[in-house]
Every structure is written in structure tokens, then in C-alpha cells.
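These notes open a run of structures that come right after.
The two complexes that follow have chain A in common; it is paired with chain B in the first and with chain C in the second.
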Partner chain A sequence: MSAAVSAIDLGLQSCEVCALPSRPAPGAERGRCPRCAAVLDFRKPASLQRTWAFLIAAAICYLPANLLPVLTTTTAGGTESDTILQGVVLLWSPTGWPLSLIVLVASIMIPSAKILALAYLLISVQRGATCNEPQRVQLYRTVRFIGRWSMVDVFVDTFTAALVQLQPLMAVEPAPGLLFFAAVVVLTMLAVESFDPRLIWDAGRTPEVAHA
Partner chain B sequence: MAGRWSSGAPQAPADEVWNQAMGDDALIACPDCDLLQRLPALTAGASARCPRCGRELWRHRVDALDRSLALALAAAVLFVVANAVPMLGLSAVGHSAQTTVIGGAAHLWNNGEQPVAALVLTTAVLAPAAQIVFMLVIATAARRARPPAWVGVLLRYHPTARIWSMIEVMLLGVLVALIKIADYATVIPGLALYVLGVLVFLLAGMQASFDPREVWSRIEWASQRERSAQPAAALEGSR
Partner chain C sequence: MPEQPTPSVPQSQVISRRRTPLSAVWVIPIIAALVGAWVAVTRILDEGPKITVIFANAEGLEAGKTTVHYNGVDVGTVTGIHLTADHLRVVLTIQMAPKTDDFLVEDTTFWVVRPRISGANVSGLGTLISGAYIGMDIGQSKQARREFAGLDTPPVVTPDAPGRFFRLTTPELGSLDTGTPIYFRRLQVGQVVSYALDDDGKALTIKVFVKQPYDKYVTRDTRFWQASGIDVSLTASGLSVQTQSLLSILIGGIAFETPASDPPGDAATADTEFTLYGSRTDAFQAPARHPQKFVLVFSDSVRGLTVGAPVEFRGIPIGQVSAISAQIDAKTFEFSAPVTVELDAQRLGVQLQDLPPDADLESLRRDVINRLVAHGIRAQLQTGNLLTGALFVTFDFHPEAPPATVDWSTQPPRLPTAPGQFQALEARLANIVKKIDEMPLQAIGNDLRKSIADLDRLLVGAEATLDKADTLVDNADALIQNANRMVEPNSLLGTELATTLQELTRAARSLRVLTDYLERHPEALIRGKTGEAK
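Moving on, here comes the complex of A and B:
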């Protein structure tokens, strides 16, 4: 393992688009991939700052996303608004509990786990941690892989609102919480894409052989 | 694509300078941990993983272009059908309603949720459409011995389309909505729902059979194309 050499140690930039490793002009931090013309950096530019920015924005939206109602149901008996958690409780029944569980996992557990996991990755990179690199990369890949599933509730609410239009008996309309919830999903996905997993390994590199 | 703001270091005016290739086709740096390594020659169907972090670096697909083209064609047909016919219908006490995929987004748009409507339209319609169309064009144009450089542009944006294409997530959401509504109304699953169910597997198969590395290895290089576009001087110099 000690013989492992990162591309950056040899002054090589790896293309994120076509995977070709190439050498920038002497002294240059940035160049273009000779094969696909993508702009190359050794690491994603300002990766930590951008990831933090998206993550903090997501964490701020997380509160209204869970506190504000996502759907408003109007019936002859009056108007009722449901937050995501109330939606989970409403779905809970002897036969409906698996669905309730799906929404609970996708809408509440995945977004919060994602925010915590990314914060942990960012902090561990900033503190220069040199342990558990394979596990941390695996955590990053897991977050990237499952993150999209938190969109489930956006689709549930979209199609419930589009379909339940039985005026004047009953009508369901989207409510303000939906916008914040969708924002959490998009912002955490952007945070994941801004993070450069190679930073996890950089703290363990021998610093004196920095790129020329 | 994304804005390229620097972290304060003076910006080298190097954006237009081509990097120098290493001339070793097997050389690769792991995208997840930057470990520099050589890919072994793989038999068809085999895959290579990074020894340091376990990331799959390359899987040698059999017949990649034919299979991805066939699956992309089938996906294109199903995609059109899925968006042309109703996905869900509902009836209760003499009332009935139905919606398509785009109808769901349109309803949000008309009810003051334009940003969410745009997100639903992007993830359920536009990104999947881009994913399929890009694959159709790539799998057709990459048949030439030396695919033109613009194929590289499509290859570059194809992963982005794939990230935001969420048909499988939408399908789960629709199923939850369906069962939720079934408590107080009769829900009629539309043809589009079944078509989408098949489409999810076609898209997964299309992605799994595609081998971007094989196309990149044959593609016309951007740096060479620019050189050959510059007349006389550059040509003279290279002789």
C-alpha cells in the first residue's frame, strides 16, 4: 500500500469526463484534456466550499420542509394540511405499513442521513483524517447512490394532487412545504456532485512530492 | 457547465493550453481515490476494480454498441407511449379524473408550484428523454472507426442526464400515491404505468450494456482536430 502513487503525485490530471490522465503545462494548475477538451484541475475547484454551501442551504431548507405542510386536502368538512411526517402516520395501517415505511425511509431518514454523512466527510477531510479511507469513500458512494430516492415524496404529492380533483367533494393541492422539500433533495444532490472523493485520500499522501 | 470560481489563487491563463497525454492507453487514475494504475486486458464481461478503494474502473462489455442501441430504440418507443397515454385514473361517486406524467407537472405549475413542477418535468420527462436520445446518437455515431469529436460532447453530458433521470423513483412514488388514494376512491392504473415499469428495466439494461471507455479509446482527439483545423503553419510544423 505504501507504494501506492496518486496521479497528483506525478503531476498528472485525470479527466473526469473521459478518464484520460494527462500532464498540464509546466507550472500550470489547469489545462484541457487533449482527448475531450474538458477543463482539467487536479481536484474539483473549491470542492469543500461548494459542498458546504449546498449542504448548509439544504440543512436550512430541511426545517421548513418538515414543519410546513406538503399537501392541503379540501373536503366538504373543511380543509386539512399534512406535513411529510403526518403523511407517513396517515399511511400507517395494518395493510399499508410497508408503504408508510418507504416514505419514512425515503423522505425523512435518507435526507437527514445524507446531510449528516456529507458533513462528516467534509469535517474529516478538513481535519486531515488519515484513517478509514475505504469506508469513507464507500459512505460517499452510498450517499450518491441512494440520494435520488428521497425524490419519492415529491412524486407522491405531485400525482396525488394531480389526480384527486373531485370538486366539490374533495380536492388535494400542493402546499408550501413541498418546495422546501424538493429544494433539500436538489441541494443535497448538488452537494454530493460538488464533493471530490479524492480529497479523502489526499491527507495521507506524502506532502513533499507535490506536483511540479 | 458549472461556474469555475477559484479559491483565491491567481488564475493561470491555462484554459486554452492542451495537456500532454501520456501515450499509454491502459494508464488510468481512479476517479474516487486518484490511485494511478494500469488497467489489465480484460476478457469480455470481466471488470477491473481499483485495488485501493474498490471502485469499478472498467467493465469490458460484449457487443456494447449493438446492445445499447437496441435497448435505446426500445426505450425510445416506450418513452413516447408512456408520455402519450394516461398513467393513473380515478373514479369516485360519479366523478372521474385521470392524469399523464406531464399532466402531473402541469397541475403543479398551475397551482403556484412552478419550481417543483420544473423539477418533476426535468426528472421524469426531460432528463430521461435526453438520456435516451444521447444514447441513440452515441450508439449510432460511434460505429465509425474514428467517431467525430462531437460524440464526446454527448458522452460528456450523458452522465448528467442519467443522474437527473428518475423514472424508477417516480414509479415508486406513483405506486405509493395509488395505494394512498385507493383508500377513498377507485384507482385505475393506466397503460403508461405498465409501460414505465418496463422502461425502468430497459434503461437499466441500456446503461449496463454501454461501454464509454471503448468509445473514448477510438474517438477523434479534440487537440488533434484543432491542430488540423489550423492551416499551413501547423501542418508544416508537424512534418
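Moving on, here comes the complex of A and C:
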């Protein structure tokens, strides 16, 4: 049981953009915000479905992102393609281990943690769990915050590729794994955006409020 | 809803749009799944065969980095390096590129390319930077194979190169190595592919490769020799220096040539075995196809005669000494040295014309040799080099030699010999000594002594004579002194002589006046001098 009263409890729709609460449109039609003209819903439509879809897509892309090489380095000695994990191993040395750790955390652990966290949120919402609501909302916020930084890997990779073009001595080119890695980042961000955190506390509310 | 909204809350505007029960967003995971599946499938389908290659060591090889090259194309990557169960060799696991299954057949070979600098070959310099890689050569077989034994040294010649392989046997390798060039008329036509010690350890077999079209010049008569160094020979026409090329001086080489005199023989088949001679001279001196053994029993010392010493017929090499032994006759205690020689009768150029097709060559040969011996042909030891005392065997006609025959009963047959030059010299000297011995030296001495005694007596007589001669000389001296005294300017004789001479002069003048007068006045002889005479 949530202590606070939600807008939905009052039969009002809150605008996603300008937060203006408004009465829902008559009948089954969707309304538009009178102030900013954003489409209004009690809850994000098909939030769970959409989040699941993006999350599953991200999880699928996560595999090739880690199995395929992300960077191809061509030197006079030959061509070398490295996956993210190989990069971690390559950087792992008595002096370079902090860097290796950063790559490991940022590129392998965080994306997987994001996927797992979202999956946990979705499952908990679907099962109507009512415990740890503030923690779950906090988790959602953290995942959402991290999302925008996840592209750093991709940027670093592409910058390196653009800068290190010392033909014929050395060349760095992005490999297919990078595309999947970027897809993972984008898809998890989309999944986060399509998740409606209000659903976390909806579960504790009156059972007659159905998911939109 | 139980509670009424406050009136101040505005009414939302209506949009007309139907909701689909299933979100279109599901397209995204489907697309992701399809793309992922496609990537996975292409990866699996593109996955080439996995093979294992066993090498002696994995020096310079790295799992995940070392690649397999075929004709410079990257066709695989080493994915794992492990030791064999007995820890003696290494097993490389290699992930081959897609569609390389037909490369991996029974006789496909693998080797490690490292920088190699050996004589003529500087190879794999690129690996100095890139690290070693694995070279491969695709076999001809159709039998697929996945486990290979790597070669320790890269093959010099790829098996499908046009040409032929030959084998050369040599007692020692010299400066040869794999990749050593083969020369034909100073043109590089091939190279040494490999070499191996024979099982008995007594010789080496060198495998050489001669490229097309030069391989057809290798006939069964072809001689191969080591053209490693400089062949200096002093001939009647001067000093000649023979080399194949500057490179062969530095790194060695093998040259071959087919004796010109022979009719052009059939091209040798692949893997024909040849002897590798030390030099061109050796190669062309060596017995040809059918060396025949003969034994020559010399009574001279064979010091200086070595196995391999040439056998010549009037300066033409016809064979060589193959064995020297010694024997002592138990009865007579006579020492003799049987020398076995290998003769190549063909070099003598025996003309066997009009040969009936069914002729017994063996008996013909015997007949020829018998007749030669009957004509006085004898083997003889001669000094080839006065400094070293090296001997060689020479055959020549010795018409004065005592008659001899060939002993065909022994094996090998025995040819008659003649004493050597030194032996002949010795005999002559002995002859002289003998003659000296025979001289009546005692009698001569006695006579000589008698003569000397006579001479002594004679000399005593001569001494007396000389004394008399001395007195004679003294007398003569006195005589001359007297004579001198007489002709001195103030001597009596001198003065008188001068006066006499003046008188004589005067008389002569008077006589001239008289004769002059008589000439003008001959009548005066009768009438006497007249008064009007002027």
C-alpha cells in the first residue's frame, strides 16, 4: 500500500513532458496535454511489452558484442582483431590493471548489469511485488543515469579508428562487434525510456487499476 | 472512479487512434535476433577446418597471432600451442580459413618461416618485423587430412615446380647447404633441396633439383662436381683459373656437365643417383661406366703410390689405383706389391669396327689385351711429382722388355709390369758398379807403382843433368860478359873497330870516285889518267 496518492488514483493523467495533470479524454480515446500537446496516458502505453522487447533485443546483441572483435589493428606485423574481453586481458598487467579494470567494468559489467537490472524491475512489476519500492525506483534512476555514459566505449573506439590511420604502418578499424555493442547501449537506453517507473508502486495500489 | 476531479483541472483533447494489442516494438528484438542469428550462422558456416601440426619447437609462434600463409595469403591462424604428451614436440592447433578443406590433403606440408640467412638464401626477412609465420604448400593428394607433421626446414623447391630431382652421393658435405645453387655452363639451373647422412654413416646423399628445361641436360653420363672453390690448373697453355661464379666461391655450388665425347645419352630419370666429385678434373677422370679391374705386381717400392693415383696410357688417364697390398713369397722371400687398378678400356678408344653382332666381347677384349701385351705394353711406376715422390702407374710400349703374357687365371687378371724409371736407373748404376768391380785395380796399382819408381829414378838423372846445365849457364854468362866488355865504347877493340871502319869508309869513297871516273872515261883504264881531267 502506497502512502502517497497517485494522479491515477484521482482519475487524472499526468503529462510526461510538462507534468501537468489533466482529466482523461472522454471514452476510450487518448488525450493530448492542453499545455504542451504531448500525448497523455495514465501510464506509458505497453510499457512492459516495449521494455521487454528492447531488453530482449539488447540481450541478443550483447552476445555478438562480446564475441565479435570490436577493433581491428593492422600493423606492419600483421592484422589483429580484438574482442572487448581480449582487450581486458591485453591491458591486464602489473601496472596497467586499473585501466583493464575500467574497461572490464564499463564495457562488460555495466551493460550486463543494466540488462539484469531492467529484467529484475520488469519481473518484479509483472509479479506485482510491493517490497523495496524506493530501492527499485533508485535502481531505475541509476540505470537511466548510466545509460547516457555507456556510449563512451563506442566513441573511444571510433575516435581511435579515425585518428590512428598511419598507413601503411598502422591502422585501426572498427570491427562488427562494435556495431553490436552500440546496439546494446542504444537498446538498453530505449528499454529504460519505455519503462514506466510508476508501475513500480502501481502494484501496491488498488487492484482495479489495470495496466494501460 | 470514486472521486470527482476538481473542476479547475482541464479536459484533455481527444485524438482518434486505435491501439493494437501487441506493440510494434517487438519488431526490434525480432530484427536483433535475426541479425544475431545471421551473424552466428555465417560465423559457423565460415568456420574453416581445424587442424593440428606437430613441430619440433614453437619458437616465435604465438597462439592467436601466428598466421598460416599460402603464397602470401593468410589462410589460417594458430589458435593453440601445446606440448605433446611426451613433452618433446609441440602441437599447434590451427584454425584454417573458410573453404580451405581441399588444401588439407595427405601430402600438404607445413613449415615455420623464420628469418633465414644461409648462403645464397636470405629468406623470411619480413618475419623479423612480423614474427614467424607458418608456410604451407598444398599437396597433390585427394586424401583429406587434419593432422600433420611440420617440416623443420622450409622446402627450397615446391613439389609442383617443373623440373626433376636427382640424388648425389658424396663422402662429405663441404660447404653445401640447402639452397646451394646448381650450375650448368655457369647458369644457375637448380639448387640443393636437402641432404641426409646415409644409414651406414659413410656418405651423404644430397637431393638436388634441376629446373625445367635444364633437367634434360642431365643424362646418365653426366658428372656432378663441387664447384665450391677456385680450380687453378697449370697447363701447357698457361695458368687457368676455373670458377663457376663469385657466389659459388663464397657459398659453394654444384656444377654438372656431360662429357662431350659421349654420344648424347638419354635424359636421366628422376631420382637417378650420381656421384658428386670434388672437382671438375676428378669428375672427368673418374672411371666411366664399366671399370675393369686388373692387378699389377710390382717388385719396386710402392712408396708414394696412393689409392686413387691415376693410371695413364702415354699421358692419357685411363683409370686409377683402387688398392695396394703387399706380399712376400714364402720360398724366395721376394717382396712384391700387387696393385689393383681400375681401367676404363673405353678411354683407350679401342676401335672395334666391323663387329659381328654375335661377337663375344669378352674374348675380343682379351684378345686385344693379349696382343697389346705381346707388342710390349707394360705397366710401370713413374714419379709424378719429384717433390712429394708421388707415384702413378703408366702403361707404355717396352719393345725391349722380356716377353710376358697376361695371367687370366687370377681374379682380377694380372698384367705384366716393367721396372720403373728409378728401378731401371738403379739397374744401370749397378751395372756400372759391377764393371768397376771387374777392373784389375790391383794390377793397375802395381804397374802404377813401378812406373812411379821409374819416374823417380828418371828424376834423379834429371837432377844431375840440371846441375850440368847450371854450369853451362854460368859459362855462358861469363862469355856474354866478356863480349860485353869487348864492345864497350872505350875498349881497344872498339877504337880499332872505329878506325877500321873509317878506313873502310874512305876506301869505299875512293872506290866510288874511281868507278865514277871510269864510267866517264873508260879509256883511262888503258891510257891512264889524263891531265885535262876535271
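Operating definition for what follows: the second predicted complex is superposed on the first by the 195 of 212 C-alpha atoms of A that agree within 3 Å, B and C clash if a C-alpha of one lies under 4 Å from a C-alpha of the other, contacts with A are read in each partner's own complex, and residues count from 1 in each chain.
The criterion applied here is as follows: contacts are C-beta pairs under 8 Å (C-beta built on N, C-alpha and C of every residue); 3 or more make two chains touch, one makes a residue touch a chain.
All values reported here derive from a predicted model rather than from experimental measurement.
With both structures placed on the common chain, the touch criterion links A:187 to chain C but leaves chain B unconnected. Once the two complexes are overlaid on the shared chain, A:68 sits against chain C while remaining clear of chain B.
Contacts of A:160 after superposition: chain B is touched, whereas chain C is not reached. Of the two partner chains placed by superposition, chain B and chain C are both touched by A:45. Of the two partner chains placed by the overlay, chain B and chain C both lie in contact with A:23. Look at A:14: by the touch rule set out above, it reaches chain B but stays clear of chain C. Touched residues of chain A were counted for both chain B and chain C, and B has more of them. Applying the stated contact rule after C-alpha superposition, one finds that A:80 touches chain C and leaves chain B untouched. In the superposed model, A:31 makes contact with both chain B and chain C. When the two complexes are overlaid on their common chain A, residue A:122 makes contact with neither chain B nor chain C.
Residues common to the contacts of chain A with chain B and with chain C across the two structures: 9-10, 12-13, 21-25, 27, 29-34, 39-40, 45-46, 49, 183. In the complex of the two chains, the chain A residues touching chain B come out as 1, 4-10, 12-14, 16-25, 27-40, 45-46, 49, 90-91, 96, 99, 102-103, 106, 133-134, 137-138, 140-141, 148-149, 151-166, 169-170, 173-174, 178-179, 182-183, 186, 189, 193, 197-198, 200-202. Chain C contributes residues 1, 3, 5, 9-17, 19, 22-23, 25-26, 28-29, 31-33, 35-36, 39-40, 65, 67, 74, 129-131, 133 to its touches with chain A in the complex.
Of all the residues in chain A, the ones that touch chain C in their complex are 9-13, 21-27, 29-34, 39-40, 45-46, 49-50, 53-54, 56-58, 60-61, 63-64, 68, 76-80, 176, 180, 183, 187, 190, 194.
Considering their complex, residues 4-7, 9, 11-12, 14-22, 27-29, 31-36, 52-55, 87-88, 90, 92-93, 95, 97-99, 103-108, 111-113, 115-116, 119-120, 123-124, 149, 152, 155-156, 163, 166, 169-170, 172-177, 179-181, 184-185, 187, 212-213, 216, 219, 221-224 of chain B touch chain A.
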